[in-house]
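What follows is a set of structures to go through.
In the two assemblies presented below, chain A is common to both, partnered first by chain B and then by chain C.
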Partner chain A sequence: MLRLIFCLNLVWLLAGCDAADHAREKLVITGSSTIAPLIADIARRFESQHAEYQVDVQSGGSSRGIADVRRGVAHIGMVSRGPDSDEQDLQWYALARDGIGMIIHQQNTIAALNAAQIADIFTGRIMDWQTLGGPAQKITVVNKAEGRSTLEVFLKFFALKNSTIKPQVIIGENQQGIKTVAGNIGAIGYVSIGSAEVAIAEGTAIKLLPMNGVAASVDNVRNGSFPIARTLHLITGAKLTAAARIFLDFALSPAVHDLIEAQYFVPLQR
Partner chain B sequence: MSRSSADLALRRLTLVCALSVACILGLITVFLTLASLPAFTDIGIVAFVRDLAWYPRENMFNLVPMIAGSLIVTAIALLMATPLGIAAAIFLSYYAQGFVGASFQRLVELLTGIPSVVFGFWGLVAIVPLLAAWHAPGASVLAAALVLALMILPTIILMSHTAITAVPESYRHAAAALSLDRFAMIFHIVLPAAFSGIITAVLLALGRAIGETMVVLMVAGNVVKLPSSVFDPVRTLTANIALEMAYARDDHRAALFFSGLLLLALVTLLVFIGERFSSVRPEHATAISPRSDQTHAHFP
Partner chain C sequence: MPRQYPHEVIKHMHTFRDRLIAWISAASVLLITLLFLWLVLDIFFKGFAGLHWSFLTSAPLNAGRAGGIAPVIVSTLLILGVCMLVCVPAGLATAIHLSEYTVRNPAAARLIRRSLDTLAGVPSIVFGLFGASVFCDLLGLGYSILSGGLTLACMVLPFMIRAGEESLRSVPQEYRLGASALGFSQYSVLTGILIPVAMPGLSIGLILGIGRALAETAALIFTSGYVLRMPESLLDSGRTLSVHIYDLAMNVSGGEANGYTSALVLIAILVMINTGARILTQRIVHEVHI
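What follows is the complex of A and B.
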């Protein structure tokens, strides 16, 4: 008897799952691991407002997002850069901007560095702050781990190859970089500007350096004047499913700006 | 239910549990091997020692600095923690009495329970800046070894303490009968008799140190280069996997899985050596042994 009830339960459960799956249309989003946590947050809010959809977010890099959308495996792709010339077959939607700022210790007297100086520091040609008119202090170069998108933006902007950089510390997350620089008076690193601004507001002993005379601030990332920045994109194929259309409208609306800011990215004004 | 059928049921249940543990380990090994296959076919084993450096994005896959990094950091941590741990265990076993002894033991037990990420964070905000002020960059072999030593210390203390208390009472009586003082008794009788237990403690600590990830990731500096001094940064195999796995694709990913396989092999080797050691006991302790059958009793 017990066994019968158990079997019936199982059948009912399976049927239940099946029915729920049919009722909820599935939307697959893959790509950049920089954007994935943000889209996962947006998807959670989207699902709570649109019970008829189920959003599946997977990271794996911008290139995976592009490949998946082209092969039709994903409805929407996440790409943490702008379109290349051979990627015009896709639809690109700007989601947010991400600015990367150079950070040094608060007590370092250096007020600004130009791009050439930063390249020289990171490649080990300048090894003491004194050379740049700062204190007599050895420079500690803090670089990001291979594969991090922040590293790619940094390398691209300063036209460097990762193998030419001579780091003393390699970090993973922005927070680790901020703590490392705050704990070493001779350190220089780079992190997401949003995360650095929050840390400075909390009293962490770091400061953001301007680039080409433009202050490293979230405002300047938003208005496009800060040079070390990139636009995070969502992409789709030429044809859109209804679900993808509704999700895109939601993800690109001001209703998610608080979520974008919570990830230290900068929402775009529309 | 009769006694024998209960016994049979228990036997089956425990057999299933034991088999599933074995299966899980087997599956992990199979998975690691399969995932690292491209490392053998595309990259080739030779590349892991012959390539100029570790820049997977630029097709360079030298793992040697990281294997060395894991071993160096672990060795220094053990060198720091072992004498300290054994000394603390002797203190706990023979000198700490009453309230002091009990509170010290609780304290050490508490230390084993602290999550490694807490140690890592403490190292990052306390140890590294301290070292940085002395000898930049601070994040270094020394920082990692210091924090790791602190982490493995409780394991060594508690297990050595257990090994020391397991030395039969009769040994101590014999020592007293020969009017040996406490120093001679501890160093010439108790420690040799507890030798295998202490070695097991050290090997267990070694296993924990070599597998530790978060602590090392946060304080070691993670630069892939053979360190030339203890103040140089270093990257271990575990830190490398944690740093890069989330962003790795294709060959890079396979190389990371291969380093996981390498770690598994390293730990297996250590367990094997540990087994050999704990079944061997030095000669001179046997000479004093009154009854040969109880010389290796861990629990009296």
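What follows is the complex of A and C.
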């Protein structure tokens, strides 16, 4: 028993000693789980060039990023949409673009849907693919969970209210949406075009639908012709620490464009 | 007046029923084993190709699609270590109190047990939010291995206490009475008889606790965090294997292959730790019985 107490004390001592060694300035970034993997990679490159800083990236959702920056818990927030009217107290920096595409099962014969048809499907006015000239198959509406930025972009584009949507499945992340639609022949959902393109290349049984005659592809998001898209943002409070300023300059520079493309997002031309 | 069946028919009915029960139980065992095998083999076949020594010793690259999981393994083991350092002594002590010292106050014991059972059923995300507000904010530990380990300890403790208490209470009362008659002190009874005899049950509690701790994701995203750097102290944020697998499967397009390999590593670690725990407890039991 004495040995155990001794060991415990040792651990606490070690923890304490190490804490005293931390001379590097710590920068905390929290928010959107869509952006977190990208910023984690950017942070690693940043650290390799600026040994005096340590950048901790935490995930948890856009709403969390906003709340953490407002509370002063995080220096920088990650938000995968544009600012709302009540969010003008924050400073917004555009990081990259991400297109949102409608996906259906690969074996579904539907080739295209217009905005009115999609609105009718999601509000439950059209319940069967047959109505739209497709197979006799009930439609499974896959919607995103409350608080997800993709949901807000989707609602805004189709001028819908979340309370009027009648979903059969509610999902969180993009990959979950892709897996849900691939596993259900009557399903329709919407996800980030980049991740859908990767899934299709890997042989996942989904297909992306064009919108207003424009194919849902990363190329069309890049050239601005695809209509449903969002801008991924970094946010800060009104005052910036020196470290946050240096990191922002780095993250918004062309030096990270290869990393942005590696996560299937579209870098912004400045 | 119930119908009278000839003796042979009754005997036949009995053997039929007995066989049916034996059959059903054998079939369920088979089903469960098959499901488990399926799961393990699925992970094995999809994950084994990516399993190289370098995967275990290098840092992740490109959001985890490339590179290894060395910092993730270290963070996982550190968080588990913190959790167990708190859980094992505190859990054992509480279990001993509940089984040995609450005889005079059964009402209090009942209340404690009810609370523990309720706590055991609380979703882990609630523990995550609790841990985030108490350990990260209130105590100022921030996103850290220490916060994550302590949050896990809160989550796992109810399981370990209840398992420990049940196994201590299953020690026959005669052992305690005999020891008292011989004038043993309470301390000797505990360390010399009760704990060794209850050890197999205690080790099951420990193994279940370790399993639950290693499987946890929701509570840890908010406490130990998401950072992929090699931890330098217990106050650094670090990502566990489960959080890493979750992120690769849910957030990182094209991360599935490494997700499966990480899952394989997680299962291997779980098996190794469990085997270690079992060997250790067997040795303790063995020592006492000689």
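Operating definition for what follows: the second predicted complex is superposed on the first by the 173 of 270 C-alpha atoms of A that agree within 3 Å, B and C clash if a C-alpha of one lies under 4 Å from a C-alpha of the other, contacts with A are read in each partner's own complex, and residues count from 1 in each chain.
Criterion: contacts are C-beta pairs under 8 Å (C-beta built on N, C-alpha and C of every residue); 3 or more make two chains touch, one makes a residue touch a chain.
Since the model is a prediction, treat every value here as computed from it, not as a measurement.
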If touched residues of chain A are counted for chain B and for chain C, the larger one: C
Partner chain in contact with A:Ile185 - chain B first, chain C second, else both or neither: first
Touched partner set for A:Gly237, first chain B, second chain C, both or neither: neither
Which superposed partner A:Gly77 touches (first chain B, second chain C, both, neither): neither
Chain B versus chain C as contact partner of A:Val198, first or second or both or neither: second
First (chain B), second (chain C), both or neither touched by A:Pro267: neither
Partner chain(s) touched by A:Ser33 [first = chain B, second = chain C, both, neither]: both
Partner chain(s) touched by A:Gly65 [first = chain B, second = chain C, both, neither]: neither
Touching partner for A:Ser163 - first (chain B), second (chain C), both, neither: first
Chain B versus chain C as contact partner of A:Asn174, first or second or both or neither: second
Chain B/chain C common contact set on chain A: 33, 59-60, 172, 176
Residues of chain A that touch chain B when the two form their complex: 33, 59-61, 63-64, 137-138, 140, 145-149, 161-163, 167-172, 176, 179-180, 183-187
Sites on chain B touched by chain A in the complex: 53, 55-58, 60, 124-125, 128-129, 132-133, 136-139, 217-218, 221-224, 233, 235, 242-244, 246-249, 252
Partner chain A, residues of chain C touching it in the complex: 62-64, 82, 85, 89, 137, 142-143, 146, 221-222, 225-229, 232-235, 237, 247, 249-254, 256
Residue numbers on chain A that touch chain C, as the complex places them: 4, 7-8, 11, 14-15, 17-19, 21-22, 28, 33-34, 36-38, 40-41, 44, 47, 54, 56-60, 73, 172-176, 194-195, 198-199, 202, 262-264
